[in-house]
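One structure below.
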Amino acid sequence: MSIRRVGVLLRKEFVQGPKNFIFIYGVVAPLVISLVLSLVLGSLFSEEPRLGIVDEGGSELVALVEAVDSLEAREFDTAADVKGAVAKGAVDVGVVLPRGFDAAVRQSVPTEITAYIWGESLAKSRAIVDVTLADLTRDLAGQEAPVTVRFTMLGKEGVPWEDRMLPFIMLIAVVFGGAILPATSLVGEKQGRTLEALVVTPTSLGDVFLAKGLVGVVLSFVVTVLLLAINQAFGSGAGLLLMVLVLGAVMAAGFGLLLGAAMREITTLFAVFKMIGVLLYAPSIIYLFPQIPQWIGKIFPTYYLVQPVVEISQRGGGWADIAPDVGVLIGLDVLLLGVVVLVVRKAQQYEV
Amino acid sequence: MNRRVVAALVAKDIRLFFRNRLFGLVTVLGLVVYVGVYFGMPGSVDEDLEIGMYAPVVPPAFEEMQPDGVKLETVESEEALLLAITDGEYPAGMVLPADIMQKFDAGLKPEIDVYLWADSPAEVGEAVEFLVTELSYAQTGQPLSVQVLQEVLGPDMLDRQIPARDRMVPFFAVLILVAETFGMASLISEEVQRGTVTALLVTPVSVPGLFVGKGITGVCLAFVQVALYAVIIGGMESQPAIVLLTLLLGAVLVTGVGFFVAALGKDLMSVMAWGVVAMVVLSIPPVSVMFPGAVSGWAKVIPSYYLVDTLHQVAIFGAGWADVWRNLLILVAFDLGIALVGVATLWRKCR
Amino acid sequence: MSTDAIVAEGLAYWYGDLLAVDHISLTVGEGEILGFLGPNGAGKSTTVKMLTGQIKPKAGRAMVLGMDVARNIEKVQGEIGVCFEQPNLYEQMSGEENLKLFARLFGLRDFNPDTLLRRVGLGGRGDDRVDGYSKGMKQRLMVARSIVNRPRVLFLDEPTAGLDPTSAEAIRGIILEERARGASVLLTTHDMMEVDKLSDRVAFINQGRIVALDTPHNLKQQYGKRAIKAKVANQDGGLEDREIILDSRETPDAVRDLFATERVVTIHSEEATLEDIFIKFTGRGLD
């Protein structure tokens, strides 16, 4: 094995890689998926009613509405705009506050306003908008509430959906960059017979595997770090987190190299990835649905990457909390790399 | 054009398609997954905000003036209420003091305890506070000077809301159709690259025959899959003829797109890349069904909009021919246009 | 110690039950071109793979430049160049990039690809991506890549396949230049004329065994037949072929009879060909 030749191959991978769809996909897809999911999830799981409001007379009610948590308020310019938004379902309810609304309310002058209701809005959304508007109008009118409400929170606050999605998104980055890239690169060289051309030079199969593995490690690590940065999920232990990410990237690359060594063509490789994808992503489902027993996740190797990351970034854990899982992760890395070394050594032919 | 030749080409293409492990797997597995996801998701919508209430004395307003969409359900004790909340039966609960009516009558402010489950959506707590306050205002006879007139826009779906899984049906239908785009495009691209197209064209196979054969294969594969999906999930219960026609037109659409993608791509990787772009674009209109208001009017330039909108109208609102004929006409126009472009670009590549 | 560039001693390889190479032995001297001929499936590729270190012999020894290939693979591969039958270039890279990559792998500093590209007739096309090259251009780039490291031993598999006569002649010129430089060449080909022109010696391999190994001249002398070939007119106005073996006792009488009994339209003598010799050994042609 030659470090110099590994460097030459690595340089080739990084220079030529971006010309390859899979390379770009491996970098871009996790980031795009992360963005889309954070946008989508806000809508999918949020049942917060949406109120559209047109203020024709500079009412103070608008500010009051925007300050509450119980609904999401959007201001529109005209009645036609808010009606259009309601008809499309962009908001659940739309109201138009006429000129002089505040004065009328304060003077208890009977006033009529029209609430446009989206036909597909839920009954509870309509009800929440109704009582919220009524209550805030009373605030505007200076009425004093006839009751005092005392709040008590029960149970432990659950993990928000954005945080629950993080393990899944992270695994996409790890699998795409760390596993799929080296695997497709290796299979591509076999199919294109360029591997044959390489191994009749002083370049050894080990050099080739190491270079491709390093590409996977670097990309997986960089994309995962970017993902965590975008999602502001570094927590307090950045150094520990980075170490865990490196170990996870190594595991993914090892896995990718083994698959690349075993497969002979790209379509079969993709088919295998699709089939075994569930094994790679399975631990993230535990975090999506906390009611699933934790121990189930421990069966899957990627659990030992995801769990320490969640522990550090979301629970503020330290080395003592993650040491056992990191130990298993290191063990998995050593095992995978050992198998890769064995495969390389046993290869009689360039076809591995 | 010889029918026998075209039939032979179709049979060959279908055989090759399923010999490709990736596309065979995606086809079968995809269908299983989509059906599984559909039936795994809840089939009904929980429209009401259910709040537990323990009240030794229930003020009349709390009983009679609950707004539609809110259900105050009485429990026998405070302990039972707390248990129900921690068990997830209610996102919140309220405990009214035994002397609430006396306090109201005396013009005093009774204290009402509201318990919130920590995992409840953020809006619930504040909404319950407003609810309690409003009911108290109603009980103490303080009407609001503002009267709200309600006007429902669009069909009023109260008590017959669309479950999330039904909102996702057009999205899955588009995904199933688009998956066939990948398959067709890849097979065509491979034939062009390997030169087997050239080998075919020096036999009685004519260029029109070749394209008709590929077109039939693509349409059949896409249509059969998506129709099967629709049948399994019960999507044919309303207006099956319209649904089938729409799906058929959708199959023609994605086959044309497949031709175009095959013409653009140089190898499997680039075909997949372009296929992903096509998939993303075609998937935008279904997003507008899943998340109403998320996508504005410009989605109407995307052909799949007319497929998705028709399916949605028929399945959810029971639309008939008179309601959807415009969509179908536009879809036909898109099909013809895209098929022409697809065939033309591919023909240029083959020559 | 042998000064031969390539020494195969009892090389054998089998794939499962199939004995692909049956204990063959051959040598290629320094500065020699050995033509390696055989029908498809004869064992040529397997032999070359053993000599280039792609596979380990199951029996016997492969020596290149005095080094056991299996034990000194890195050193051996630093001194050899291989041109494959099927193009295996990085299609998304330019011709220049392909050459530079391999130059770096060989540890060459200050490598200028332009000279090499011009030498193989690709001057000015170095910046173009390989996937835009014609078949002939790819073949020429393959040859260029095989001599990037100025190898002492060249393994060339069908280097002129698919090339027009001019390009093929240019490649032959390069092969001769490499020999003049002192390189030894193992040339695997189906082109009889090429072997005849270039090779110092020819080895025929069939069913995993060397069936003949000598200079082309000696092989033709020993196994070939010289003949007179004539075309005679028949009664229908068509032409028929006639052949008379030279160097035979009956030759003079046969020639006299031919002219006495037939209307000879054309006549010429023909040397023995390597293909004839090969058919004689293998019972089949090179297909």
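Think of it as A, B and C in the order they're written, each chain with its own count starting at 1.
Basically, a residue touches a chain if its C-beta (ideal position, glycine included) is under 8 Å from a C-beta of that chain, and two chains touch if they have at least 3 such contacts.
Computed from a prediction, not measured in an experiment: that's the story for all the values here.
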Farthest chain (mean CA position) relative to chain C: B
Max contacts between which two chains? A-B
Rounded Å distance between chain A and chain C, as computed from the means of their C-alpha atoms: 58
Which integer distance in Å separates the CA centroid of chain A from that of chain B? 21
Distance between chain centroids, defined by C-alpha means - chain B, chain C (Å): 64
Note: chain A residues in touch with at least two other chains are 20
Across the complex, what residues on chain C touch chain A? 49, 52-56, 73-75, 77-78, 80, 82, 84, 86-93, 101-102, 104-107, 145, 149
Contact residues on chain A for chain B in the complex? 20-22, 25, 40, 43-44, 46-49, 68-71, 83, 85-91, 95, 104-105, 108-120, 122-128, 130-138, 141, 143, 145-158, 266-268, 270-271, 274-275
Touching residues on chain B, where the partner in the complex is chain A: 20-23, 25-26, 29, 45, 47-49, 67-70, 82, 85-86, 104, 109-119, 121-127, 129-134, 136-137, 139-140, 142, 144-159, 161-162, 164, 268-270, 272-273, 276, 290-294
Which part of chain A faces chain C closely enough to touch in the complex? 4-5, 8-9, 12, 16, 19-20, 192-194, 196-204, 348-350
